[in-house]
């Protein structure tokens, strides 16, 4: 398989493109956009070829490793999971780069934009292709860096600079947990080898880690009185990282603020790719999760909660991009839920979750790009100022409606007919039902259904407010250039059909990730370790269960139409500061006040840091005090030196007398 | 002769530089000297066998036989990377200050060279006498540096630094004496040879004596490092020093060197190794957290960087106490990495101070628009400093954390908590100084000049290079740390 | 009996008399010759002393001994006097009384040298008085300067009192043992040890010697006198006559009174600690450099005194080496102040407190060689490596630890750290504080003396081996007799 | 025979008187006299011991001490004279420019 | 009677007046005296059990002269230098050339 030998180029080419663009881009037309586009296109082609190859022969996983330092390595691993992700990321990235040539054409710092996005693409591809957890973490951090740089792309805007910092710091909380997980994992593996790691064994490589799962599951430590299973600890710490990166509750706060960056960045990083890294991480280490007691439960519950939590806020936002941001958070919750229900359906969970991830990437990128197109044309984010945009921007409107339908999950259950979002989201909700049926609790299922309703409402609220009705303000506008509309159309095609076309094949393909020549995991066996009961295969759900998501989706559409399209209800009463529910939602549950103003600024900065400063002054004071006391003592001693010679004589004689007495006394004592 | 040349060339050139009359002559001589040292060091590096933990390039002449003092130089995998660091940064530092308008340039460059020679001497010395001589010799030029070209509180800062670290050195000297005489009494021959005395430590009869010797030496080293709570001299000295002085402080890696070279071989033979490990680990971990909080509370950018240095140095003791080859080598690498990163950070602070006349971050803002080159380098340095993977800081921190976790779980948790704070103050500083709206009252600032760009840029490239490929220096550190850890394992520690 | 044994002393006496007589007949302007003559004589004496290192002999009915100890200290005295005499060429320039200045200094040195050789308390006492009486006058040499006279009268009165105390103590030794010979007293010391009079005698002798060494509380005269006297005389007092007290104490206590070891060890332990602490603490806030150096000299005396407490060959060797190093460092430092005083007075004849630290401002620019030498001296005094001060401290402090007196070493080391403050202050003034003064041409004699002193300080710092060897030999002499 | 203790006691008393005077007198000349007193009390000791030991060392010493005392007195008076010339008084407790 | 008492009072008062500024010196001198006396009394001194052999020739001049020029010749010679030194010094200091 010759093409596999070039797999290492997938992340490397965009990285090279970054260097070239950064140093040369200023002098090239369009900020040198052509360099990353070519590089990413090549990466995409390689990825695609590899994926196709793997489809033929799923056993032929590509794995190449080189020693890095100590017992750590750098390497690439392209298994089905990685292959589909690689293809998707390089594809979306390619489209967005093309789109950006139009979108960013007026910006002076274009070259910086393209350099940073290609660095981002390189990091993201490297994240996916890693064959060890450390390299994954490194790429993980690098994508965080790129996200930071790109959110703060317009660093002159204080809000952008601040949002960038917030995004980096919030995800860093998760990153630290992830790092802690790696540290614990490393220490455990180190102990398993008794500190003597043979040459050629790379301790943090996935196959190495997976092969030690049973031993890891057997280790436990008392923490605060609880006996904590190490595997649970590690996986939850990993999940902590995923929570930060994928915007799960409570570390989601950065994601809406991240919309301060260019819309393309939001599409690429904060919708399609980077934010899904958390999902990818959990999927990648799924064998560990499933062998770890309770971990998957946490994943499922938190995912479900995030899905509905974010959806409630999505309903009240007036900013185009913020609605989409909350939608992203919500959908990421679904993906996490999809992984979490692996407690009931085993490795198949990876399949459905990643499937949703891919579909979501398409339609969410599309939504963002459409929003970008609108913003680019009319120059405002605020939906309250828009309306009737469909008339001026028909292509944008059409593609966006497709994306919205995909997001809302419209389709016909029991068949493969439906928007891509329907196929994958339905599968997750079904799995959640199975999860409940198999003793996991009904909470995730109920929440996921409710969230589906809310999803439908907020997305069609957006559609109706933006594209239909009468313009509420006078905005100029025109359809976007071809460099923008063509990527929109391509993405719309995928949002429309990708799910339907690939559903069967895809799940099977991705679920095979853990059974091949790289690792051969006995997922049901591991589930035993984790204490999960896998259900028999799905498909026996009551019909209502199959139909319910679609029903709520359509219901949401209708509600949105009635409220925002027909305006049969006067929302002004509800939408006011006097309505506590609205106020709560509009203020986003006061999380900003609690987390940023109180926790970060009051407690950490003003409390701890300033307390630290006071303590430090104390140490300083001690040092100075020792110095001063010496000086004072010296001054005091000098007072004996009166300058009168008779006094000197007295002191001499007194000294003699006392010395005699002292010696006599001491000699007696001794 | 190679090592003697490396150590003596800067000292000789320092004298020559002192005799020059003009700024051009002084800086040219200094550059010649430092480049010569760099070339020799690179030659040494390529001749060095990184798979051996033994002392290499040894030179030995008797000096004062009646006291067992000899002129004995030699390097191993602990010292070579630090020598390399020093040899690389000093010429760049000289380039960085190429167009500085400082008074008495001959003294200025002379002091830089003396510091370099002294620090290199500490790294090369294999005799405690020589070691101490160079150790103390580092104090004087830095004292002068701070007092002559320092900031408004330079007198306070320089005296504080001088006396504080001198006290520590003297305590260390007490420890050396203890070791020296204990060995002398046991074997009947005086010797101050470092490896010999280290090997004799275990034969000292009284456990109490061994512990006291160990603690005395440790005190000397951790004050120099420095580590909480013996850091009071650091913020003042680092902040008040001129930029070059701050960079020299950063390159003053002798405290950490002492910990690896002298403390770790002694550790297994103390009466209560676990207590010592606890002390080192706890101090290290607390330093990491404490330094981070203090850095967060600072308004002055340079002071913030100084505290961040304290935070980073905590990893050195923590890693050393971790007693796993990865953590120990990570701690060594932290010294190397910290030297590179902090050099740029202090250079950046210096540039900003020169350009705008202030280092108070709230008074800055939007500098990236006027100083794009500086902004790029500074962002890179800050990212490296906050431990971003792909840069040197991460390699060190990851190695220390994961290695130390094997033995010292609690302390690693403390250090992990600091990581978020570390990120916070770095980013906040960037946001307040570089980003946002440009404050017009800062006047018309100009970007860094060509020499400065070259100096800072090259260090930045090294940070990236060693961040992606640490093996060139990490391998020899690993060899040595495996040897050191092997000693512990032999003792069942 | 070989008179060559006393060639140094004889040379000195001849030189002294020659200077005195020739000086009578020389006109004022050519009295410079006397300085060269004296320096030459001292140099010859120094040569004889060095040449006779290693001889061991008793002479003059066993009242004098020539051995490593005596010769080593003679070297110390001669070196200090040599520095003094070179520098004095400038100091006495244009003075009518050059010959008095030189002859008194030479006589004082002769007294010190005989103390070093004394093997009998009578010799010791008379020689002690010779050194004292000569320096009383020297210290009041600027007889129109009230400070100088005040210094002189204080020195004289406390000196007389101490002499009386010492003599009183010696009478008791004589009373109990019936002899004044040092070995004789050692033989009869058992009786002393058994009776309370022994303690009294020991303390009286400590007071007598402690006056010269400037141990607290017998030090009261020292800061005043060092400050008030001409700087060169201070250098002779601090660097030379202080060592005379030390060598006398070595001989009397370690050789003659070893039987009362416990008693005087207690005393010296207490005095050493008090002395170094008081010296350093009081020096911290001085503004007169000479006074600061005086207090620092107190502190140094405290360190040397540790040798009595530790009493191992190495500690004694360290103490003896310290005496030599201190001779170079302190003499050099005082000569620097002499040069500064000269500079100040040559600018303004009526300047008050010419040794005030403000006059050191910008010295690095005004008198570069002098300032550099001062830097080396103060760093040596502070114990910075590669100087004589460090080497001596190294041997002395480390031997203290070796002997198990870690607490004493800790106190000494902390003191040493404390001292850095005021030493650094001088350096700060010289190099960092601005001045309006312009560059001054440095007088050659001062510079020459400083160069010699710096050479000595660095020689001991860089190549201590021969010095340590002879210091150890000297220490062996002490312990061979007693232990 | 008279016990030697009495001689020593006498010497001690004289010494103490000398000390007392030395510590309390203001006049420089009186202080010098007190010094003489102390030296001579030591001489009493020496002679007494010499007699009791039957050797002459102490007496020789006494002679030397007398000579030394004379030399010392000469220097002392000379210095006091100088001071008197300058300040018109020799009250030593007022000569305290050098202090602290 | 009255007169006598008055006189005693007067004496006491004048004694007090004399000593008041000297009390510290007094105490110190007495302390020193006490220490010396205690030490002296506590010591067993050499006691002479017979008178000197040669009662006829009580002269010690010859003996002293012999000692001065044999055993203690060095101090004697030194003394000559002391006297010379004292002479030079005293003359120098006392000489009033510059005057005031």
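Here the chain labels run A, B, C, D and E in written order, and each chain numbers its own residues starting at 1.
Note that in this section a contact is a pair of C-beta atoms (placed from the backbone, for glycine too) under 8 Å apart; a residue touches a chain by one contact, two chains touch by 3 or more.
In this text, all values refer to a predicted model and were calculated from it rather than measured experimentally.
Asks: Which contact partners do chain A and chain E have in common?
Replies: Chains in contact with chain A as well as chain E: C, D.
Asks: Which chain's centre, taken as the mean of its Cα atoms, is farthest from the centre of chain C?
Replies: Most remote chain from chain C, centroid-wise, comes out as A.
Asks: Can you name the chain whose C-alpha mean lies closest to the mean of all the C-alpha atoms?
Replies: Central chain is B.
Asks: For the chain pairs D-E and A-C, which is connected through the larger number of C-beta pairs in contact?
Replies: D-E
Asks: Centroid of chain B to centroid of chain E, CA atoms only: how many Å?
Replies: Averaging C-alpha atoms per chain gives centres 68 Å apart.
Asks: Taking each chain's centre as the mean position of its Cα atoms, how many Å separate chain B from chain D?
Replies: Each chain's C-alpha centroid was found; their separation is 65 Å.
Asks: Once you find the CA centre of chain A and the CA centre of chain B, what distance in Å lies between them?
Replies: It comes to 36 Å between the two C-alpha centres.
Asks: I'd like the Å distance between the centres of chain A and chain D, where a centre is the mean of that chain's Cα atoms.
Replies: 96
Asks: List, in ascending order, every residue of chain B touching at least 2 other chains.
Replies: In chain B, 163 touch at least two other chains.
Asks: Two or more other chains touching the same residue: where does that happen in chain E?
Replies: 24-25, 28-29, 32, 35-36, 39-40, 45-46, 71-72, 75, 79, 82, 85-86, 89-90, 92-93, 100
Asks: Hunt down the residues of chain D that sit against at least two other chains at once, touch-wise.
Replies: Expected reply: 4, 8, 15, 19, 22-24, 31, 52-53, 57, 60, 64, 68, 71-72, 75, 78-79, 82, 86, 92, 95-99.
Asks: Quick one: which chain pairs are touching?
Replies: Pairs of chains that touch one another: A-B, A-C, A-D, A-E, B-C, C-D, C-E, D-E.
Asks: Help me check something: in the complex, which residues belonging to chain C touch chain E?
Replies: Residues in contact with chain E: 13, 20, 60-61, 63-64, 96-97, 100, 103-104, 107-108, 110-111, 114, 120, 122-123, 125-127, 129-130, 133-134, 136-138, 140-141, 143-144, 152, 175-176, 178, 195-197, 199-200.
Asks: Spell out the residues on chain A that touch chain E in their complex, using ranges where they run on.
Replies: Chain A residues touching chain E: 646, 650, 653-654, 656-657, 660-661.
Asks: Report the residues of chain B in contact with chain C in the complex, numbered from low to high.
Replies: 63-67, 129, 132-133, 135-137, 139-140, 143-144, 147-148, 155, 158-159, 162-163, 166-167, 170-171, 173-174, 177-178, 180-181, 184-185, 212
Asks: Which part of chain A faces chain D closely enough to touch in the complex?
Replies: 638-639, 641-646, 649-650, 653
Asks: Under the stated contact criterion, what part of chain E meets chain D in this complex?
Replies: Touching chain D from chain E are residues 21-22, 24-26, 28-30, 32-33, 36-37, 40-41, 45-48, 51-52, 60, 63-64, 67-68, 71-72, 75-76, 79, 82-83, 85-87, 89-94, 96, 99-100.
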